[in-house]
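Take a look at the structures listed below.
In what comes next, subunit A is part of two complexes: it sits with subunit B in the first one and with subunit C in the second one.
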Partner chain A sequence: MSTAAIELREVTKQYRFFTLDKVSLRLEKGLVMGLVGPNGAGKTTTMRILMGLVQPDAGEVEVLGCRIPEEQVRAKWDTGYVGDEMRLFSSATLKWHLDFVRSMFPGWDEAYAGTLLKRFHLRPEQRVKGLSRGEEAKALLLLALARKPKLLVLDEPTSGLDPVARQEVISELMEVMQDEERSILFSSHNTYEVERISDRITFIDRGRVIDSDDKEVFLERWRRVSLGVPDGVTLPTLPGVIDVARSGRVAVVTANAFDPALLPAYEAAGATVHDVQRMTLEEIFVANVMSKRKERGE
Partner chain B sequence: MHTELTISQADRRPMYLQIMEQVRRRVAMGDWLPGQEIPSIRALAASTRVSVITIKRAFLELEREGVVVTRQGRGTFVAENVNLSRTLREQELEDHLTRAAGVGRELGLTSSELEVRLRDVVKQLAVGAPDGGAGEDE
Partner chain C sequence: MSTANGSVAWRLVVKDLYLHRWLVVVTLASGIASLLVSGIDKADNVRTGPNLGLLLFITTVVAFGIFVPMTGILKERQDRSQLWVLSLPISPRGYAQAKVWASLIAFLVPWLLLTGIVIVAETLAGRSGGLGVFLVMMTFFLAAFCLLVALVVVTMSEAWAIAGILASNVAVTVFLTKVLTLPGIAGGSGFTPRILTVLALELALIAVALGLALTLPARKKDFV
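This part shows the complex of A and B:
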């Protein structure tokens, strides 16, 4: 029995203009994984495969120890999914939706649903057609959260939310993580948010996983080094360095496996080290995508 | 016990360092007393809205510094014999160094030039105070 909340092994799905190419990922129980990628990278397809909504051409998928799609019904009892294509019934009230979901899921926590209504500033008698986009997003999340699922799969849960609503949603997600048996997989274009709340981070580009690691390891591995390079000095090629941008007497080196030994190596070659800087997740993401695309000659 | 720590996006230091600084301050100011139990990692992660792994890393480093101790299966506590004044002085040193490095960057100094300047200052202090009283004068 696997202890992972999510496991994908070499999952492939081919469409006419897009291929999800041998995607492998693993999320252990009790952790938050942030999925980051450009539009059309395959984040939504990956999530839809996890939910049994898309059938992969090859590979293995397991959610909470259940094989997908064969055992998807069992997995779904304990999984809360909010996808970007989901909408509530516009003519019904929020209360109608609450009653509907409650009637289906025995794990529904009425008191928690009430707390969430207050925290999200929603009223049960509101009709869906009168909700703002942000309110509808919060309502969808509430319906998933109040079931107390072991796993939350959330496709851009904060997109379209104002900063206050975004913080309300993030607070609730972190509240869920007080329970070490629960896990969250979410995607977001807000890299600061991902950097802040994720334990593990996965970068996807053009249907491939280009990197997946612990957040702290990611942030420790990457550095940008500014060098002064006098005329006639050639910078050596060093391990762990993925990009050297030289203009005039200044060079900026990007390392994805930074080692302090790089600095004396550059100085021995005649360069001076001006500065070593950490990178934000956003900078790491962009540098990573660019270097992988270059590597593949795209 | 006051549990909410704050993380600033404008602060360029990594999040785990920001958390370490705030825990050290709380201990140094006496908000968190020696021997007192600290909220669980998951509780702190929730109230601070930051990942569990980041709080874990901060606590691991704080344990190495001797500010907190983790007792298997019982939780994390403020160390009994934590040297408060030292903790605070460590913090002060960190702040001064950060500020000095910032000014150095504004002046366009390289990190090796900065290192040389620091070494010079240390040397001067050693000459002025042969009994090891370095650090008392500004």
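This part shows the complex of A and C:
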């Protein structure tokens, strides 16, 4: 039995116009993984497979040591899942939802639920149909968090929220992360959010995992180097460099495995190093996606 | 854990019954009102009271049989609250079965009460001869309801549900004009062999519909 909170091995799911292609990823217990990808990359499909709502055509899935979909019910007792498209019952009140979930989970933390109600400015007696999108998203998160699950699977939980609501949700998640036993798989378009809360980051594009590593390793190994390149100088092809964009006498080199030895190598070829910049996660994500698509000839 | 699973499924059934509560109350009120109207017999040639009452009664039961699967099963999927329910410790199979049982119980509450009221009232009035035909009609409505539930829970499709509703409306008309007028049923006193045969066929249809509704969704690979 796996000690990982989540493990997918070579998971494939084929639809008419989309294929999740041999996706493998592993999230250790106590860590937060950000799943980043453009629209239609396969983030939601991956999460629905984890929750047993969609069955893969091939591959193996384990959540908290339970085989999915066979043992999904056992896994779900300890897993809180919040999806972007998920909604509560519009005709019922938030209090009814709280009572409903409380009656099901012996580990429900009433005091914490009360704290979250205040922090999120939610009124239990309000009907769901009267809640804004942001309030409903916070209510969904509250209902998942107060169960005190060992694993949180959050599919774009801040999508469609205004900046204040987004900040409230992210702050709460950062507090949840203090619990070292709890694991979180978090998908978002917003790389700034992912960078703030994730320990590990997985990039997914067009149904394939294109890169997965610790956040610090990502930020450390990706660099953008600005070079002055006199006429007649040809830049050498160096390991770890995935893109060279040249415009006149200036070239911008993107490296996904930056090594300081690159700089003297370019200088030896006749170029001048102007600047070496760290890249933001968004820049890394875009560069990664573009280079992998180029590699595959897409 | 299996007890816990059963407990979650049962809570989902109770949840649906709670969400259906006003629909049940309105159906009961409308059903009782139509029975009262049907008792108003002014001895006019067209029997306005009984005919209007019967029409209202049939409309009430048929409409309720449509509302329950449409609001309890299909709307939950369209509103995306199904996704939230499926985040709870229940499998898609358990969820589908809870939906079938909840729909059935919700329908049976007014169905049993209204049927019981008619049986008691007719027996007390010494007019129990038509009860066989009445039971044939009520069991037909139950069978049509079970078929619609099976169709909705298996396909989870609005288009199929609408097709099912149209088909069941046509079936009601055919049933009232053709089956209930068959010799041995029309004007039949008590439970004639033909009435018993039709009842047996209806019960078999109910068993098949419920069997399909409880087993087929578990074969689906994708539930959302």
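The criterion applied here is as follows: the second predicted complex is superposed on the first by the 298 of 298 C-alpha atoms of A that agree within 3 Å, B and C clash if a C-alpha of one lies under 4 Å from a C-alpha of the other, contacts with A are read in each partner's own complex, and residues count from 1 in each chain.
Everything that follows uses one rule, which is that a contact is a pair of C-beta atoms (placed from the backbone, for glycine too) under 8 Å apart; a residue touches a chain by one contact, two chains touch by 3 or more.
Given the structure is predicted, the values throughout are model-derived calculations rather than measurements.
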{"item": "Fit or clash - subunit C, subunit B, common subunit A", "value": "fit"}
{"item": "Contacts of A:M174 with subunit B and subunit C, given as first, second, both or neither", "value": "first"}
{"item": "Which superposed partner A:V286 touches (first subunit B, second subunit C, both, neither)", "value": "neither"}
{"item": "Which superposed partner A:L235 touches (first subunit B, second subunit C, both, neither)", "value": "neither"}
{"item": "Touching partner for A:S198 - first (subunit B), second (subunit C), both, neither", "value": "first"}
{"item": "First (subunit B), second (subunit C), both or neither touched by A:L131", "value": "neither"}
{"item": "Which of subunit B and subunit C A:V244 touches, first, second, both or neither", "value": "neither"}
{"item": "Touching partner for A:L122 - first (subunit B), second (subunit C), both, neither", "value": "neither"}
{"item": "Degrees between the directions from subunit A toward subunit B and toward subunit C, using C-alpha centres, nearest 10", "value": "150"}
{"item": "Nearest Cα pair across subunit B and subunit C, whole Å", "value": "26"}
{"item": "Residue ranges of subunit B in contact with subunit A within the complex", "value": "7, 9, 12, 14-16, 42-43, 45-46, 49-54, 57, 105, 108, 110-112"}
{"item": "Residues on subunit A engaged by subunit B in the complex (per definition of touch)", "value": "30-32, 167, 170-171, 174-175, 177-180, 192, 195-200, 214-216, 219, 228, 263, 267, 272-276, 278"}
{"item": "Subunit C partner contacts - residues on subunit A that touch it in the complex", "value": "48, 51-55, 69, 72-74, 76-77, 80-83, 85-92, 100-101, 103-104, 140, 144"}
{"item": "Touching residues on subunit C, where the partner in the complex is subunit A", "value": "1, 4-5, 7-8, 11, 15, 19, 76, 79-81, 83-84, 86-92, 94, 221-224"}
